[in-house]
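Below are structures written as structure tokens.
Shared between the two complexes below is chain A, which has chain B as its partner in the first and chain C in the second.
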Partner chain A sequence: MKNTSSAQTARRFAGYSRNRLISMGVMVVIFIILAILPVVAPDSYWVTRISEYMRYGILAIGWVLFSGPTGYMSLATAAFYGLGFYMAAILNGPLPFAVVVILSGIVGFIVAAAIGALTLRLRGVYFCIFTFAVVLLLNQVVLEVERLTTGTRGRFVQQESVHVAYWAILIVFILTVVVTMFIRRSRYGLALQSIGEYEEAAAHSGINVVRTKVVIFATGAIFMAMAGAIMATRRSYIDPGIAFSMETSFLPVLMAMFGGMGNLVGPVLGAVGFTALRDYLVTAYPDAFMLIFGVVLIIAILFMPNGILGVAQQLWRFIRRRTGGSPKTPLEKGGRRAPA
Partner chain B sequence: MHLLEGEKLTKQFGGLIATNEVDFYVDKGEILGLIGPNGAGKTTLFNLISAALKPKPGKITFNGKDITPLPAFKICRMGIARTFQTVKIFPHVPVVRNVMVGALFGTGRHLSNAEAIKKAEESLEFVDLLPMKDALAGDLTLAQQKRLELARALASSPELLLLDELMAGLTAVEVSEAMGDVKQIRDSGVTVIMIEHLMQAIMNISDRIIVLDYGKKIAEGTPAEIAANPKVIEVYLGEECDVAS
Partner chain C sequence: MAAVDIIITGVLLGGLFALVSVGFSLQYGVGRVLNVSHGEFIMIGAFITFWLFSSHGLNPLISIVVTAPLTIVLGWALHATLFRRLMDKAPSVDIFEGQSMLASFGLLYIVQNIARIIWGSQTYNLTFLQRTVGGSLLIPLNRLVAFGVIVVIGAILFWFLAATRLGKAIRASGQDPTTAGLMGVDIHGVLAICFGIGLGLAGIAGTLMSTVLAISTSMGLQYTVVAMIVVVLGGLGSISGAVIGGVILGIVSQLVTYFEPTMSFIAYYIIFIILLLARPKGIMGK
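Moving on, here comes the complex of A and B:
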């Protein structure tokens, strides 16, 4: 009796339940469709749009990886993304594109680890403000260094074609999803969640709290920097204001809240929904865009505390109750309110 | 050699001296009781041992090794587990995963997922929480949460267990159950230091008792010696005075 319950639990955590296999299958199919899309439909409009969705998907997942379970609200996303921009501006051309992207990831990890080691002793709003300041600091430092060394404000970037950038961002997107899923399911996922729930108890239960936080924070930065390096090649010109735009820090946070942070579908859903909504409003109501966008956002945060995903779950539960099924959904457990 | 030994442990919070040059030891297989009025420095002593706080000055040795400079997670991995006066569980995590944290990170060895689950379920079985293993920890009653905390500590395979008011707020029946648990833990080879306000419990199961008052150790001995010690009676009951005059 005891053995079977143990085996059941083991299977659940090893991750081979039927639902999980189905969702993994769906994921692989989506990835394949995304991979062949530019061949089937070379129309660059959709290719560009989907690159954009995936870019925000990467940023939102990279943010949720660390900030979701721990509740440490990081606003440093733009710092690592902008770092990728400058890596591409300086190195793309002299070095092959793929090498530039990989190097950006490595540099992003190192810089984030350094920033994390300094800031992750701070808690709550102090951490949030410090990470915000890091972006502003980098912005100013790069501006000043450029003034002294090149005497110019911005730089030209050697461009890559729409399709090369698309496949590059797709590869990084898949990497982000797979690595994040792996981490969330591993013991480090449990460690992160414990830290978020009760940091002191986590430390006294044997978790190396500082190292866990720094490593995961820096892992998220790998993807952000890689996304930056790829997206920079779609522009011809960058400057510190573009590279370290605060929008890049705020949007992924909003997208993750908008979509829901219980699992990885949420942030992606948020990224796609958010970007699509913004695109629609910009074209349909260019003047009132920000106003409508803001109102929608406030309503979403007020009435959908667990994001689109939360609403979907409630609907699902409602339908199940109507048809007499079990009211519990598998997503429910992981669902957590946005960190404050 | 003592299992754990503290020398001249001092901790000041501003002008307040929480523990003042406290010397103590515990031997393998003992149940050491730690009593004293509120604010006597009992929990501070636990915090010093488990490295939530650092003594200044003072030295703590465990199995002959100086552990004073080590961080909390290493102390746990070396074999000193603790519970907290106010429960510190992971409320949105299922019960079994709460305990798995101790098994996965606290033992100092690398356990596979399946081993960790097995270990967690054994610990839960011991504290009678196995039927609740899939519930969220935050949904348990306070008494259950305290047992959950004990299970998490046990899952890290400790040599020494620090129990901070395990029995506070429990009913009489639950107290006697908890006393049985503590004895059973000791009999399984784990040394125990426990803080408790319930005299009946602590006098009953401790092999030795240390009394703290205003951060100083004022008495040490067997339960019988402590019960007869005039200093302890004074601290707990007030000074003797001549009623006739």
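Moving on, here comes the complex of A and C:
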């Protein structure tokens, strides 16, 4: 019994190409560097900044997990992220921090499954409108509930230290990357991709279309809610406007598009790039930064529809053609569709 | 008496919602642009009206002559530069829908922040025709006048779409852009004009809104959401559906406000959710 399973494992590893093993190795090294960073450089500036990058990395990957292959544009990221905020505000203190984060993930999954079950039977654009509206709905409902029960607008959150939050967000980040990688290669991931290519054909080949969509949509929400619960402990005060901000829904989409969605490097690159740009604009032009940001968004959509990786691939193809190499690139062989 | 009151004020408010939503519906139904920044142009219309009124004493109804052409040209220019480019480069309609929505989100940022730099973030009120008519019914005159203007605008729009050559070209492009193009319709020009008309309706709605409601630079998004709900309620891309949906939402809004003033927004969503479950194609959808 034991022998066969180890033989299977060996065969499975042999199945991985060398490139894949190298990229996995690089990933592990990056994770280890990130993990020991606060010990080596306890300066809280970089720790805070990198946890900010990882937060948007989580949101962007969580978004790409579902919306990348299917092309269903979800704008509900802020809903799950904000739920995490409120979980932390209510439960952190009475319950240990780790339990709060895990519970947030569970609640995120349940709420996302409910939203998905309501809307994922419908055409893409209805889904987009509904998810857009659900964030504003939660904002209103929470405001109303707070008004009726506590009579106040916001809440105070029991804080965690910079380093605890950093390691927590790192763990969730690693979890997000690993789970997303596995899902993309699993039967579910392939099913999801075939749904994105041609939904009816996928249904006819025996895929339970609605269940697949709902489960993966809800899985993405787990990470978003966890990220919310962790980042809430870095603030002392939250209110519905902060928790359910439209920006949190749109930024991950833009980051994923900006970085490219063919693999997981793209969304993370996009997250780091956009967050860094935003930090720079906030400090350099505090009055006009949203304005400049909007201009940058439009320019990015106009001139880089396939993201940074798309530009890099085009450049690579150009160089290869010049040097007389093969013109086939992954993009031409049929890359993943950009979301609709 | 309360019931009659609610229905009258509801229809008057519903007229405004309908005007906002017809513009939104034209942009999506014909041009496939889910314009998240639609509400921002309502805000621009409202603030230009307010500015003309407070600094030059211009009658708000006359300022339609300024806001409508301005927003129409703005919409035409936006489509001719930004959305046309996206449309030509996108490999499929789905991708274009996604990218144009994100681009319009960028527009939302730009327009809202320019307005905030100019006018700040406080709330303004424009006092115009603040008395009531109708004897014991107490109908606010400014709302009645706004409704009258909406009916006139609606009639003009209906005539334009039904009878003129350009209107027919717009409707044809909404049904099937490729075939319309083959029949000799200049599809790029028509879509740009159509987008301009959509924004023009938003601008007019803004002007009228400034005469009846308080305005602020962050008011846009809530009307975008109202437009989205109304358009889903009536059927995506259906203009008559947008009118009916707008009036229904107006009445519901007044009904809920009568009992629980802060809950109207929540009530919209409940209708929205029920509708999505029961009839996702909307009232007038095919």
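Brief remarks on what is shown
One rule holds for everything that comes next: the second predicted complex is superposed on the first by the 304 of 340 C-alpha atoms of A that agree within 3 Å, B and C clash if a C-alpha of one lies under 4 Å from a C-alpha of the other, contacts with A are read in each partner's own complex, and residues count from 1 in each chain.
Note that a contact is a pair of C-beta atoms (placed from the backbone, for glycine too) under 8 Å apart; a residue touches a chain by one contact, two chains touch by 3 or more.
From a predicted model like this one, the values you see are computed outputs, not experimental measurements.
When the two complexes are overlaid on their common chain A, residue A:Gln140 makes contact with chain C while staying clear of chain B.
Touched residues of chain A were counted for both chain B and chain C, and C has more of them.
When the shared chain is aligned, no partner comes close enough to touch A:Ser51: not chain B, not chain C.
Of the two partner chains placed around the shared chain by superposition, chain C is the only one that A:Leu118 touches, whereas chain B remains out of contact. In the superposed model, A:Met246 lies in contact with chain C only, and not with chain B.
Contacts of A:Asn306 after superposition: neither chain B nor chain C is touched.
Once the two complexes are overlaid on chain A, none of the chain A residues touched by chain B in the first is touched by chain C in the second. Of all the residues in chain A, the ones that touch chain B in their complex are 2, 5-6, 9-10, 13-14, 187, 190-191, 193-194, 197-198, 200-209, 333, 336.
Those residues of chain C that touch chain A in the shared complex are 28, 34, 36, 82, 85-86, 89-90, 92, 94-95, 97-99, 101-103, 105-110, 112-114, 117, 221, 225, 228-229, 232, 236, 262-263, 265-266, 269, 272-273, 276-277, 280. Against chain A, the residues of chain B that register as touching in their complex are 50, 52, 71-73, 75-77, 81-82, 84, 88-94, 96-97, 100-102, 104-108, 113-114, 116-118, 121, 125, 133, 136, 152-153, 156.
In the complex of the two chains, the chain A residues touching chain C come out as 71, 73, 118-119, 122-126, 128-130, 132-134, 136-137, 140-141, 144, 147, 246, 250, 253-254, 257, 287-288, 290-291, 293-295, 297-298, 301-302, 305, 337-340.
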